[in-house]
Structures are given as C-alpha cells and as structure tokens.
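In the two complexes below, subunit A is the common chain; its partner is subunit B in one and subunit C in the other.
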Partner chain A sequence: MRHTRPAVGVTALVLLAAACSPGPGAAPGAATPAPAKPGYLAVADPALPGGGTLNFQVHVDTGAATGLDPQLADVATSWQLMSLVYETLVTVGPDFSIQPMLAERWETPDPTTYVFHLREGVKFSNGRAMTADDVVGSLKRLLASKSVWVGQLGPVKSVAKDGDAAVRVTLKEPYAPFLAALANVPAAVLPMKEVEDKSVDLATTMLGTGPYVVGEHRQDVSWSFRRNPEYWAQGRPALDAVNVTIAPEEAARIAALQNGSASMATLGNVDSAGMLAGAANVQVLSQATTDFYYLMLNTQAPGSKFADPRVRQAVNLAMNRTQIAEVATGGQGKPTGVTPAGLPGACDPATLPSATGGGAEAARRLLAEAGAQNLSFTLAIYSTEPAPAVAQVIQQNLQQAGITVKIEQTDEATWAGKVYGKAPAEFDAALSWFAGYADAGMVTKWWNPDVAGFNAGFMKADAALSEAIDAAGKATGAARTEALAKVCQEADRDAQMIPLVTRPVTVAYRTDALSPSLYATEGYGNVLRLLPEIRAKKAQ
Partner chain B sequence: MRALLRDLDGLSRAGLACLALLVLVALGSVVHLGGDPDAIVGPRLQPPGPQWWLGTDNLGRSMLPRVMEGVGTTLLLSSVAVLVTAVVSAGFGILAGYRGGYVSELVLRLVEVLYSFPAVVLAILVAAVMGPGQTAALAAIVLVTIPLMTRLVRAAAAGVARRDYVTAAVISGARLSRVLGRHVLPNVSGTIAVQGTYALSVGISVEGGLSFLGFGVQPPQASLGVLIRQGGTYMIAAPWLVAGPCAVLVVAILAINVLGDGLRDRLEPRQPRSLT
Partner chain C sequence: MRLALWWSGRALSAAATLLGVSVLIFAAVRMMPGGFAETILGPFATPEQKAELAARYGLDQPVFLQYGHWLAAVAGGDFGTSMISRQPVADELLARLPVTAELTAFSVAAALLLGVPLGVLTAVRARPRGGAAAGRLLSGLGVSVPEFVLGSLAVFLFSRYALGVPAGGYVPFGQDPAGNLASMVLPSAVLSVFALSATARTTRDAVLGVLVEPYVTAAVARGETPWFIVRHHILRNAAGPVVTLVATITAYLLGGALVVEYVFNLPGIGSYIVQAVGRRDYAVVQAGVLLAAAVFIVMNALVDLAVGALDPRLGVTGKGAA
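Entry: the complex of A and B
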C-alpha cells in the first residue's frame, strides 16, 4: 500500500495548486481605460477593419428554460442572446433615451396614439423583406400571448397598418412607459408570414432581422452566431461571428480572459477589477444598471410567517441597504426603492419609512407586537455572485433585529424551480434581481401579481399598491414624479417584495483582441446592446 | 493506548500533536474563541494586522474565526464521512474478498456503478433527495470515496483469505463472523487506515467543490474547502484569504498522513518500509 503515500501528498499539492494558482497568462501591467464619449464606457474604433470573432463568456444559458420564442422570454440572460437575432421598433440609447431601430421615426399625434414609420430595406435573415404586416402581426401575437411582457405594453387598444410602411398603435389611455416597453426583445418584430404558414416554429428556430443568425446551440455549453448577410445597417455588424461559451464558474471566465480564450466576459464578482488588475491586456468596465436585488417574502404558503404585514415591515425596517451596497456590492450598487435608483423620476430610498422608521430596534418592537419575537426563516438564494454576499449581509442585518436566517444556496435552475415552480410557492424568503428597464414605472408592474403572474405563487395583489402603479403609468410630467413616489411608499408598506440595492454589472474584455462599444448605463441586462459596432483587433 | 503512543515514532507523534491542536482550534471556534465568524467587523479585504490577525474577507469578516470554524467543519465532515466509508467499505470489501464468486462480482459491479457517476452528478442526486447541506455533502463524500476503498479492501481480503491461519480457523469450525472479525479484519486494517487518510484528503477536496456548487456547507458557515475556493478567486488582490486556509490544510493533511504512516508501522510491523 506504499504507493498511496505519494498519492496523498500529490493530492495535497494539487489542492494547493488549484487554490493558489493565479491562472495562466497573468502578468503585471493593467490596460488603460478606453477612450469614450458621454454616455459610453467604450467606443469601438471605426478605423479597424471588419471581420473577426467575438469569443464571449457568460455564466448561464437560459435557452432551455424559457424556449426560443422571444415573446415568451422572461429573463435578461435570454434577452441578451436573443437580441443578436431579433430587433424591435425602437431601442434604448445612452442615458436611457429611446432611439429608432426598425422604426426610423415615430409620431405621437395625441397622448394615446403612436405612428411608427418603418425603416426601408429591412429583411429577415431568410431574405424576405419586413413588412408592416409583420409588425402588426407580431404585436397582436404578443398581446394575445401569455407573455409576461403583455403587462408592460400597457393598455393597448388597437394595432393597425397605416399604409404600407407605417403602423399605428392606439392606447386606451396615456401610458408613459410604452416606448420603453417596446424596446425589449419580447416586443421584437417576428417573421409573421412564416409563423402563420407554419414554415417556422419560433419555439425551436430563431429567425429575425437582427445582425446575426444562429449557427449552433448546445444547451448549457455554447451558442455560435454568424453574420446575417441580409442585415439592413450598412457595414454592420463588424464582426463575422460570435461564439458564446457558458462558463458558470467565475474563476473559469477570469482564467479565459487571462489566457485569451475569451475576448469578452461578464463577471459577477464585484472585486473583478481588482482581481484582474495585474492581468496583461485585460480591461474591466463597470456598467451602471437599473437592475436591482430584492427580497421576496412568501405570504401565500400555508401558515406563512409573513402573512402578518407587521412581520414583513419588521424585516423591511431591519434592512440596512447602505451596508448591503457598501459590503456586498463593494460600493458599486446603490440603495433603491421600487423605482430603480438612477432613472429619471425614481424616488429617494433614504426618505422611505423603512429607512427612517428606526431600524433594528423598531423592527424588534414590531415583531413583539406581532408575537413573532423569535422569527426564523430560510432564505433561498442561487450561487451566482454577488447574490451569496448580499444574502449574508441581509442575514447580519436581520440578526440585529433578533431574526434568524438560514441561507439555502443552490444553482439557478434549482432555485427557480423552488421559487416559481409551484403555487403556493415552497419557500420562506428568496433573493433575486429584476432588470430595471429604461422607465422608472416599468419594473413596478411586477409588484402586482395580477399583471406579473410569475409572482402569484408567493404574493397577493395589494389594492392600494396596484392602484398607485396604474396611476404612475398614466401620469406625465411633474405629476408622474409624485405618482412614482406614491408607488415607492406603497411598495415599502406592502413589503411582500422588498427592493434592496442596484446590481452592478462588470464587463471585461481583451484589449489586444477587441475594440468594444458599451453604454455607461443599461436597463435590460444586455451588455451586447452595441454588438454590431464592436470590432476585432486581430483575426481569430 | 499509552503503549500505542509510546511505540509511535517522533514524526507520528508530531502529527498527532498537530491533529490534536487542530481539534482544539475547532473546539475553540464553537465558543467563538477568535470572535464571531459571521460578524462583519471591519472594512473589506484588509490585510493581516494587529486588529485582524488573518485579515478580513470580501464582506469585512475577520478571517481568524472563519478559519477556526472552517477547521472544525472540515474535520468533522470529512472524519465522519471517512468513518462511514471505512465501515461500509470494510464490510462489503472483506465479505467480497473472502467469499469471492458471485458475492465478489455483485459487490464489484455495485462499486463500478458508483464509479461511473462523476462526483458532482452523485452530489446533485443526493442533494435533490436530501436537500442541500452538510448531510448531503457527507453522503456525497461517502459515495465518492466508497468505490476505491471497497476495491482495495476486497483485494487485500482476498489475499488474506488464502492464508493458512484462515483455513485453519474455518476447519476448526469457527463461524463466518469470527473468521472475518478475528482473522481477516485485523489483517486488512492497514489497508483501511491508509485508504482512510487518502479518503480524508479526497473528502476535503470534494467538500470544497460541493459547497461551491451550493450542495454542501451553506453560507455563511465556513469550511476549509469553501475558504480556499473563495480565497483562490482573490489570490492576486488579497492573498491572505487563501494563505491561512491553505496552510491549515497542508498541516492537517500532513499530520493525518504521518500519523497514518506511524499507525501502520505499529499495526503491521512485518510489512517492509519503502525507501521513499
């Protein structure tokens, strides 16, 4: 049995080496920041020739979970990949401005009417020209579907052609977030002729007007996209191909950046910039987003501890959002109310009752009043950073109020099954994040489970909150800021879902391989929004 | 026991002393001797200093109590798992080695089925049934370490079963349990001890991987595996996060190995020592 001795020693060394290795390719000398213009973190060098490949790494592949139909896609990771193939009438520009996309311009003759003038020369990747019928059919299909995005489109009364190159959308009443809602992948223009004659099944085939077409998809492993030869924008996309690798481990993505096998990656660890500081030719950018973490308290489970609003309010009071932002997101996130911090019209979370109500001591009093002094519950989280860090700070916050939290960490698929799989849902509390979009009123819709059916398993509609959300949708100008403040107050009181801090997004890329374009702000979790502009520095 | 200790060589005694020290550290963490391992006590990623002897982690928690807690978690989890593995593997391995024939074939095929599953898949299966946590991690470590130990014990037992003293015991009418317990088990105990130390290091490694995937130790509880995985991410920016747990891991594995070596020499003095 002597041969096992060296084996044990080798095991120890391997363990040490695995833990202690900085990864191949690490070298001193961090790259300098790329020059950028206002609203941008980076701007691609237009002098670089076209061609080349983007090797992009992300942590998760949600394709199988939601299918490939863009109208049914309900998570930001799906939207990001689908945006390579599908396009919308309008898109989001720098600082959340709404910009033309497949509609080259639009008019609003009155507050309830939008007339979109379609861009000429747009074709689907099968070579067929996009028509107004495709736009009308796509929006009607979306409105008739079970898509969660129907709730975001607002009170659409009718969608009709206005000549051959325009589409008229009429709303029942004014709805401020309408254009921002049209700017997301579920509102993409689909090849309706092919859908109707059933020559294309959108659940399994992606066919759009976007810059790329799908080459191959291996679930949880990779996607490959190649340039759409029919793409309407001249000279774009610059890159010939995009390879997306699914690398769940953060360390694997960092190593891939260091050794050059990835030219771009999204990173969850808030300290990524520091960790890659010594890596040669790697630039790390932190994109400000309107996405935010929130805590779900399940009020619908039989015998729920959170059915009593005082208990929920106590949890809300005990939450130290500043500490969560400083510690769990390394100061990159910001405390937020239900209207995402950073968006025009968003409320100031420091003025909400949960922030001014007395903190942990007030929480203890409320719990005593509710007869729940020894409150303890399990917090379901997934292992993607920085969620575990946020959860652990929450645990510490609640401990100050005498609340015991047991953290249950699983992979994202298991977590999603537990949180959304059954009604009533089988969890006490859970942590997640919402994309914050480009309008402060949009994400508030998810606080009404009658609109956001995916939440119905763990929360019930609150009449006052739902009314405030609807009022904020209709309001304009100064009245809208007031209406949004009211939504914040009501969501803070209801506390079935407790907004916490904004979610920082870190994007890293190889400066010797890529010249990227990236907005300074993003609302739909899509770091590939400017992909058609990105250029390669060398053939790969 | 005193005689056993007296017969150990100096290196083995040093190993035993280190192991005892680690056990004391683990016990100290139970009463928060180094502080509360979960409490946020200072700024993030602070290097070691008078205030925080081993620095602070990415949440501003002192690393000293976290390493102490990690030692306890890992030693407890791995030791219990290896103990269970040893009992199960010894039972099946000795029976298979002694009986041979279809019993041996059956045990080997079962072991091969376990072998055919990657450790992570096994862990996910266990966690799906039991729910994530220490128990799932323990079960997964047992299932991962059982195949190799069972095979080796079976091989050793098959050799012992052909010895004259075993044949003599059978002829003299000894019951199966007596033959296995009195004549076979003591002669394969060296194999079990040696494999136990190997399984312990495998257990520590598996525990770290499982906890990273969310099927093992749940946050904020620390284990050496968790701390090393987390610290490895910060190797450049905050090397102290990985240095402490790595040093403890090296000491733990070396201590276990030299002690195992000494015990083996004491228990199987007729086995020749290798030159290495």
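Entry: the complex of A and C
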C-alpha cells in the first residue's frame, strides 16, 4: 500500500516494457491450473511429498507500530502473517461456512449461548497444552482491549469455562456474525499463562498454536518461519519453512517470480497478469475478496457540499459501478452494496435505487432540486493502484451529470491525515477500501460512526441506517437476508459512504515450485489461509 | 600546526552545518502533510491510542522541547527509536549499512576503473570527431537517464529473459558470497551508469584543460612517450575535479541510493528512508538525513586532503603555495 512517486513511474515503465513482450499465446511453458474444487482457485496435489520452502513476497509488513499483538492487528496484511502462528476457535470454509479449528465442535443451546468443545492435543509452540483457561483469558483480554475487533465480536455478556475442555460464551442478545468474527486473527487463542506471568510479551513475540513459529523477523525486510513441531494436525503443514520477503515495489515482486527467487507473491496492479503472461512456469490467479472500495462524502466539514442528502444521492446515482469494475479492476471486481458481493445473504446491488434510479439524468434533476447544479469537489485518493483508475472512472461518470471532480492524489500518509487526522475532516470526498470480512453484516457496522468512531470526522449517524444494521445483526435465516437488504437500501439512501466495487487480489506462483491451495473468495485478506496444505514441487 | 588549525576550523564548520541540517530536517518532517498517528496506527486507531503513541515517543511535547531532547540524545549517540519497528534507529541503520556500502563500493569502483580511462581516452583521442561525439553522447545519456528508468528496464529484461543475473532481492554475503555478488551486479551496474558517465565527462574535460598546458607541450617536445605524459603530467594535474566528483558521488550513494534500492528491493539505508518518509517515521528520517549530511561533510574534508596531496599548491596546509 505504500508506494512512492518513482514507483508510479517504474510501474508505468514496466507496463510499457511488458507491452513489447510476447502475449499469452506465446508464453513458453505456461502452465494451466488443474481443475479446482468448487470454491477453490487451486487445490494442492496431496500426492506430492512434504518438505520444502515457500518463498513468498508481499508488498507490506505487519503494522508493527501496535506490535505483534494479534488482538490489536487491524489490517489484513498483519492478519495474514500472524495466521501462520496463531489460530482461532473456528475458521471459514470456501463458502464462508464456519468450520472447526481449535474448537472441534460447538453447540448453540439457545440463540445467545455458544458452547465450544476444544480440540484435544493442541499445544502452543513452547510445548504447553492449550487449555480452556487460555481460551477464556484470550476472549476476556480481547473484550477489555482497545481492539477494533471488539466492535465486531458483538454483545458478549460473559465468557466462562464449561469443564476443562469446553468454553461457554453468552451474548446479551442474538448476534448472527459472532462465529464469523471469532474466525479472524484478533480472536486468536493466546498463551494466557505466559501472558499473565509476563514470560511472553505479545507485542514483541509471537507464540501460538499455529503451523509455524517465527525464526527471524526484520521489520519491512523479511520474515522466516519454520514448522511448529508441536502442531496438532497430523501431516501438516506440508512445507518445512516459509520465507516472506517484503518487496514494496511491484516490479521487484514480478521479477522475483520470473527468476524463481519467489515461489508465490501477491500483486496489486490488475495489469500484472498481463506482465507475467509470457513468463515461463508462472501462473497468475485472481482471487475474489469481499473487500470493497467505497467513496466517502464529507458531511461534517463546515459548509459541506454534501450536507444535503439529495446532493449525495445525485453522486450515488451518477456513478456506474459496472464501468468502474470493468475499467479500473480489469473486470475482476464486482459492483457491490454495503453487504459485500460474494457473501451469503448479500444484497444485489443492481436492485438498489442508485442502480435503478435513472443515472446521470436523474442525478442532474436532483442537483437542480438541491440548487447545486454546478457542483464541483475534490476527490482525495492515494497513489496505490487501482485507486487512481477508480477515481478517473468516477470523474468521468460524474461529468455526465454536470459534476466536476478534481482528483487530488497524494501519498498515503497525507491522505490519511486529511481523512482521519481531524474532526471535522479536511476533505470533500475521498476514496478507500474496507476488508469485507466473512459475514455480510460485519462491515456494515462501520456505517454507524457511533460504533466506528474513526468515521465520525466526516459522517454522522443516520438513525434509520443504524437501526437497520442492528436489526440485521440480530436476525437469522430468511429474515436476515431481508434485514441485510434493508441495510443496503438505507446505506444507499444515506450515501455518506457509498460502496462501489469489490477489490480482487492477484496471486501469482511458480508452477515448477509450488502446488498451492487457494479459496476462490477470501474474506479476511489471507492468501495464506490454506498454507498448511500447500506443497512444494522441489526442495528449495 | 596549520593542519591542526585547519581540522579545528573544519570541525567547527561541520558542527554548524550539522546543527543547521538538524533544524531543517526536524522542522521539515513535522511540516509534511499527514499525521504520523493515522499513518502508523491506521484508520481504526482511537484518539486514546493516538495520544498514547504520541506520548510514548514524546511527540505530545512542545516542538522546541522535542528538538532539544532529540539533539541531546543525538549528541550522546542515541538516534531515537523507530515508531514502526520499535527498534533503535542506530541499530537499524547499522544493519542496513553493509548493503548500501557494498552497493556504493561497486558503483564507485566501476566509475573509477572505467570512467577515468574512458575520459582520458576520449580526451587524448579527441581529434577524430566521430569518436569524441559518440563519447559525449553516451556520457550525456548516462548522466541524464533517470535511475528508475534504467532500473526498471533492467529488472524487466533480466527477469523476463533469464539472462543469468538475479533482478532484485538481496543475499547477505555471510549466507552465500557468490549469491551476494550476483545479487549486487544489476543494482551496481544501474547505479554506476550515472557515476561512470559523470566521471568520464569530468575526466575528459579536466584532461582537455591540461593538454593545452605548456608543460605538456614541453614533454612532447622532449620526446616523452604518450603513456608517460598521461601518467606523469596529465593525470596528476587533472585529478582534482575527478577526485572531488567521485567523493561527492560516494557521499551521495552512502547516504542511500534511494531509487535503486527501492526498485531492486535491497534492504539498504535508501529504501529504509523511503519507507520511513512514507510512514512519517520521524526519528528514522531525521537520523537518515543527518547521517547523509555527516557523510558529505567528512567526504568533503577528505577531498580537500586528497587534492592537497595530489597538488600541494591546493593543499590545506598551503605548503605548496608558500
């Protein structure tokens, strides 16, 4: 996410150079992925022997300012790296169903009670067996923390042991996303005995039950992980070691894939697939995610142009999400409402008023009603692709409705200062993206600034929307789908934060080095979710 | 005695320069738009977390106090702690120094070993107009094409066509000496293009200036061989500007080859500073800039000594002029 201006030039140059390279048809030795199971992009070949090393490259390290404490990790890059060491009670399957992890099963005797039966034989990497006290202590510690994940965990009333091998969690009221919230790294089971006797400082040391242990870490340079000898799953992980290189420059990651020094990498630019099209033994896959871009309209600045809801709705009407998805994400993203497209129960964005309301012409009429015919505003974006491309499509869309948009592209720090630095915030409109998580109702909570205080600088709580979000949290079954649809409608009307399109992730790997397993869609930004299954094709 | 006085003057001048740089960089990082708290902690941080971060690093104090504390700490050898890694900045810089030093050494070596002979050759054989023009064109291109253009082209070509040299990444020397040298070939080559071209141009200009001196004409008249004339009369007298240039380039590169380290993903001082600027990691940026300034000052002093040794008339002790 952090690039410099030279980096933009570098990427442009590599793009230019790539244009001169042979196209996909001329790719010598290009591999075709084996047919994957439904819900999977790739499935590792179980016939391959274990062992070997994954050399993985990503663009950014963990957000280490908050340390390595998983409960304080609030960005997907941190979750991904921490998931090598930490595990949760439950996890998510390829269809976002909740699957066992450290809890081998659970019961819900009533809508507000969950009893988790802990897996036997689970040990932390220091050799100590995981106990119910670790689970209880971890959840209590999380609930008492300043973690943003407390808001996602929901209305937890109590957490207590239920015998030596079970944990009972009681909620104040039904909360549908509870299990999905438990499936992410901030809800990991921590070694509470060591935390409490202060023999382990979680801010600086990672100690979990996961498949790997940390060998070495140099911030913003590299990580090395080695297999956890105490890991509970027989025969897993298949790989002996994982080396992670932090390579901010996308061209460097592409080069590493091409020359084989990386066996897997994540890429941000949707054009990267084209750049690697001619590379031998490199497979490029687009993993859908529930993450999505959204447009913030600042209603809290003095004299805000967006205080009038008709102006916001006009902007919403004038944007063509399909075009944004096609042009800015290379057709890999999908239009979405506030419930992320791809998640069970998510609403259909094509049915929302912003999609059916008449487009640019209707927007012009609304602007005329609001007396804002010559609306112009500045759209603050950062330079990480494809944000500039998304902004340019928005600019062209809004021009059709007579709205002039000036794009202000800055580095991420400047952008963050404008958007989150002061209240009221100092911007007209801004572009960003949210992780979409694993339940359609989770990210909707960020649409209520009373819950998501970080948004309070530019938006105010809308009573009807907040009520709809709360109702969707409590609803179950078919009623929940209706409740989520209501949330979509209200967010579309409120239009202080306007959902746009989902954000795909490009994953590339060496077919001569790796047989990976990957979900087709990921909710927590974790490309390495199925790492224990990944197998190496040759010793490295 | 005169040398001691000269060193004292230099030390005073260096201290004043570093003090000025410290004020400038301290003010500059705080004037950069965008807050460190939002950048480092991310958008979800609460006001309490931001305040806690500011308090932890003394950033909640008045700016003058912050500066005073920082300056006192720097004077004692403490460059502060990175807000990102929570590690002492001095340790981080030291850990990255070998990468930058190695890159600098290779680049400067290429500039000296190739640039100086090229410059001499194009000067003494300036008569054939075509060769001289080609030399000027090539060296002009070398100094004017930005490093990020050459770097990204090299990354693309050497990774796309598997030309036998790694394009990006770093292998520590202690881990694999051959791999280390291989990983430094391309970055050093890219970085040395500017240094080599500038050295060749400067050498050529200096040699051309010396060629018209009467003592060269006299040497020719005495029947001395061309190689003898070049070695004993031309190179020594033309060395001043070349030494100055190479020292300046060395100082610049030791301060961090920002673009090349970033493009080739080398964990050196340059890429460290680039990332720190993007994240508003104040202590790192301040230390990095101060270090670069200090390197420049030291290199300038060494240049003065070296030039004096080469040509006593220009020496710091003034013996030659006496």
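Worth pointing out:
One rule holds in what follows: the second predicted complex is superposed on the first by the 499 of 540 C-alpha atoms of A that agree within 3 Å, B and C clash if a C-alpha of one lies under 4 Å from a C-alpha of the other, contacts with A are read in each partner's own complex, and residues count from 1 in each chain.
Here is the rule we use: a residue touches a chain if its C-beta (ideal position, glycine included) is under 8 Å from a C-beta of that chain, and two chains touch if they have at least 3 such contacts.
In this text, all values refer to a predicted model and were calculated from it rather than measured experimentally.
By the touch criterion stated above, A:221 is placed in contact with subunit C alone, subunit B being left untouched. In the superposition on chain A, A:330 makes contact with subunit B only, not with subunit C.
In the superposition on chain A, contact of A:278 is made with both subunit B and subunit C. When the two structures are aligned on the shared chain, A:382 is found in touch with subunit B, with no touch to subunit C.
In the superposition on chain A, A:256 contacts subunit C only, with no contact to subunit B. Using the contact criterion defined above for the overlaid structures, shared-chain residue A:247 touches subunit C, although it does not reach subunit B. In the overlay built on the shared chain, the residue A:393 is in contact with subunit B alone; subunit C does not reach it.
Of the two partner chains, both subunit B and subunit C are touched by A:411. Touching of subunit A by both subunit B and subunit C, each in its own complex, is seen for residues 2, 4, 6-7, 9, 18, 21, 249, 251, 254, 278, 410-411, 414. Taken in their complex, subunit B has these residues touching subunit A: 38-40, 44-45, 58-60, 127-128, 131-133, 152, 190-191, 194-195, 197-198, 201-202, 204-205, 212-215, 218-220, 228-229, 231-237, 242, 245-246, 249-250, 253-254, 257, 261, 264, 271, 273-274, 276.
Within the complex, the subunit A residues that touch subunit C are 2-4, 6-7, 9-10, 13-14, 17-18, 21, 63-67, 74-75, 146, 148, 203-204, 218-222, 245, 247-249, 251-252, 254-256, 258-259, 261, 278-279, 410-421, 432, 453-454. Residues 1-2, 4-9, 11-12, 15-16, 18-22, 26, 249-251, 254, 269, 271, 274-275, 277-278, 323, 327-328, 330, 382-383, 388-389, 391-393, 395-396, 406-411, 414 of subunit A touch subunit B in their complex.
Residues 32-49, 53, 82-87, 92, 95, 146, 148-149, 151-153, 155-160, 162, 166-169, 258-259, 262-265, 267, 271-272, 274-275, 277-280 of subunit C are the ones that touch subunit A when the two sit in their complex.
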